[in-house]
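Labels for the chains are A, B and C, by order of writing; each one numbers its residues from 1.
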């Protein structure tokens, strides 16, 4: 480099010193990328391939597995475990919807109404992250306990009669029912909804609200026609960030649910770690991945925010 | 009667305080139907707050707002027959131009908007751009969309908040004429907030000059310019030379004054301060009213003119005129603009000169004011940003 | 009438506060129950006030050991993911190269993948390679899933940085290394710090991936999971409460420092 900076002595036409100093940096991006990308290739991409191969193997733990292109495993897995798949999608969808309904007002509050309390509210949203989520999920066992105040209140208000009838709860209790699982999922992934919503709401120019008001839009119409459409990027990424992990979760179903609320994550975990039926587990995991990728792609296309990712 | 004044804007005792800070001191103001009214002042003088109180975007701390005979003080913005052209326009980025313009009509439940929107877009010469999004348009085009979006609702009053602030100088001139044309065409009341005195003077029939939350003076542009009543108005609108003088005597409708060693005359009608013999007042004269004569030719100056002697400190050639800065005993930096008709080659820095002008062009102000109020310095907010 | 209007006007605020309550209720329960003296093995029902657990936080077998394992893994995973992620982020923002789209997808996919899928597939890999499950396999997994988050955080910061600043540094006689150390790195630091903090939190709190790839090693989340089956000691709540308080204090402190720095600049 030093040679280049010293340069302009009298212009000597004989030396073709036109090589750009950048030349040395031509491979820099590859060196920068190499370790991290290698890590992801070996520990993220390669395992996917291994898993794909495992899913079409047959054999037993004692005699070892061989690739036999046994695609029937997929069919068997689906026909046996379709209720768990269905439950995963339904619970995750319900939790995502609840997150949106609950999270939107809070994100709106932080973005437009919190004033000098904004930072404090923001901290209160993020801080629970730092307590192990398992401990916090266990706390819901206390909150939703059969003889606790919440269940008592729901009983008095005859809410449980309605949810019993809908099949969301059973026998005057909330714990060990779908309602408890959805409640836990909603709680666990709520910040993932609030933060993207807040980011996109905060970007909206406040004068647009004033302009809408000036042009005869009531506050509600202003929200419907201006605020909500402009917050769509946040809604899309928030729902994705909530739905994906919720669909694969098994902690809430295990801690707050019962055997009747098992989700596909529970099945994968049991197959892999207890029953040690690797092909079935791998096939289930592959189906889950494919289903989610398909849904995400479809969803992003539909909502027209491809530039989001 | 009601049809005549339904576009009048009447502010009575309207004021706004934020905690202990008073943005607008209670003020009374009437803007008659069909006029082009400008609120002029430096940033932070309360002009935008006043406008926002008329729009309903800010709740006044005191006083009332009337449109015609209707008290609208408590009405939310979406119930007021008033529309605003916002500073930097606030166009909805997710809607195209057509939908932006149709927004207000649709909110009021009007179903067939196509014809109206197209006509309005033609009026602002944007018929071709209807299906573009705001960010695809230039600044001037966005500005016209903002005007169209407000005007299509046939408001009783159109409020414009620094509507040309984001445009470059040339485009601004063009849009000034354009806005004036539209106003004459539609005939509704325009209230225009600006910090640009030239803009206010070219466009408005009536200008209210605001300073520190108060209206300093209200009148036609000529009236404000020729007959300022405070130092702030004198300095903020154009340039004024202000001289401290002592009242010598009064005879008829003329006041004789002593300044430095010389004598000056001021018509009583043009003095906004009480002039008692021996009292002090500030005497002002605009730079372009003054003639400059070389000291050697002082004898040729006609009798009866106010005169002051001095020495040229600096001169700059502008083309249509030459601007001189003259040092004189009564005023250290006297500004003189001379038309370049016959240039006297002796008028160069260092030359001894006599400044003289028709006494009818002199105005008198209360001496108990800051003589430099309203002198344009670096804008404080720009100073912070830089 | 007045009340109805007030209610309408503040509906959003009220709804937001309800959500905030929903978010914080479990933390309040965790804190309150850290002062409980339960009768049975499970700490789910309030019995009586006691400071026992606070006086003896490590009184439960293996709990503090698992906490230390978790902390070690989190620290190393944070360092690894931050270094690798920052390098990728710089490459992505500052250089043009082939296969850019592929790299971007490879970064995005781990964030769009349910944890259980990554956990299961990684376990297949380790089983196939015959790797010994434990500390190292956990660390590898954690660096893998933290990496994408660091890249995203750092990228956002570096993208908003004016490239002319670096040109100015070079114009003022700073060589490439000097430019990087004295200009680029300090400006990118907040993004890197945010990425590192996120990586630490993600790693420390991870359960699903760890559970698949831990072998017989026990991290703190795994200890909690196990105790949910066998019996929950009050000490868990003590740790949870302490973590929450420390986190809030840390954020408040960093905000105070930031404010003071801003004020000094102004």
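In this text, a residue touches a chain if its C-beta (ideal position, glycine included) is under 8 Å from a C-beta of that chain, and two chains touch if they have at least 3 such contacts.
From a predicted model like this one, the values you see are computed outputs, not experimental measurements.
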Checklist outcome for this item: Label-sorted list of chains bordering both chain A and chain B is none
Next on the checklist: By raw count of C-beta pairs in contact, what's the busiest chain pair here?
Outcome noted: A-C
Next on the checklist: I'd like the Å distance between the centres of chain B and chain C, where a centre is the mean of that chain's Cα atoms.
Outcome noted: 57
Next on the checklist: Taking the mean of the CA coordinates per chain, how far is chain A from chain C in Å?
Outcome noted: 15
Next on the checklist: Where in chain B do residues touch two or more of the other chains?
Outcome noted: none
Next on the checklist: Please output the residues of chain A touching chain C within their complex, sorted ascending.
Outcome noted: 1, 5, 25, 28-30, 32-33, 35-37, 39-41, 43-48, 50-51, 54, 102-103, 105-106, 108-110, 113, 119, 121, 123-143, 145, 187, 190-191, 194, 240, 244-245, 247-251, 255, 265, 268-269, 272-273, 278, 281-282, 285-286, 288-289, 292-293, 296, 309
Checklist entry - In their shared complex, at which residues does chain C touch chain A? => result 12-13, 15-20, 22-27, 29-30, 33, 44-45, 84-85, 87-88, 90-91, 94-97, 103, 106-110, 112-118, 120-125, 127-128, 140-141, 143-144, 147-148, 151, 173, 175-176, 201, 204-205, 207-208, 211-212, 220-221, 224-225, 228, 232, 236-237, 239-241, 243-244, 246-248, 251-252, 255
Item to check | Touching residues (chain side chain B, partner chain A) in the complex | outcome: 55-57, 76-79, 82-84, 86-88, 90-94, 103-104, 107-108, 149-150, 153
Next on the checklist: Touching residues of chain A toward chain B in the complex: what are they?
Outcome noted: 205, 207-208, 210-218, 221, 225-226, 229-230
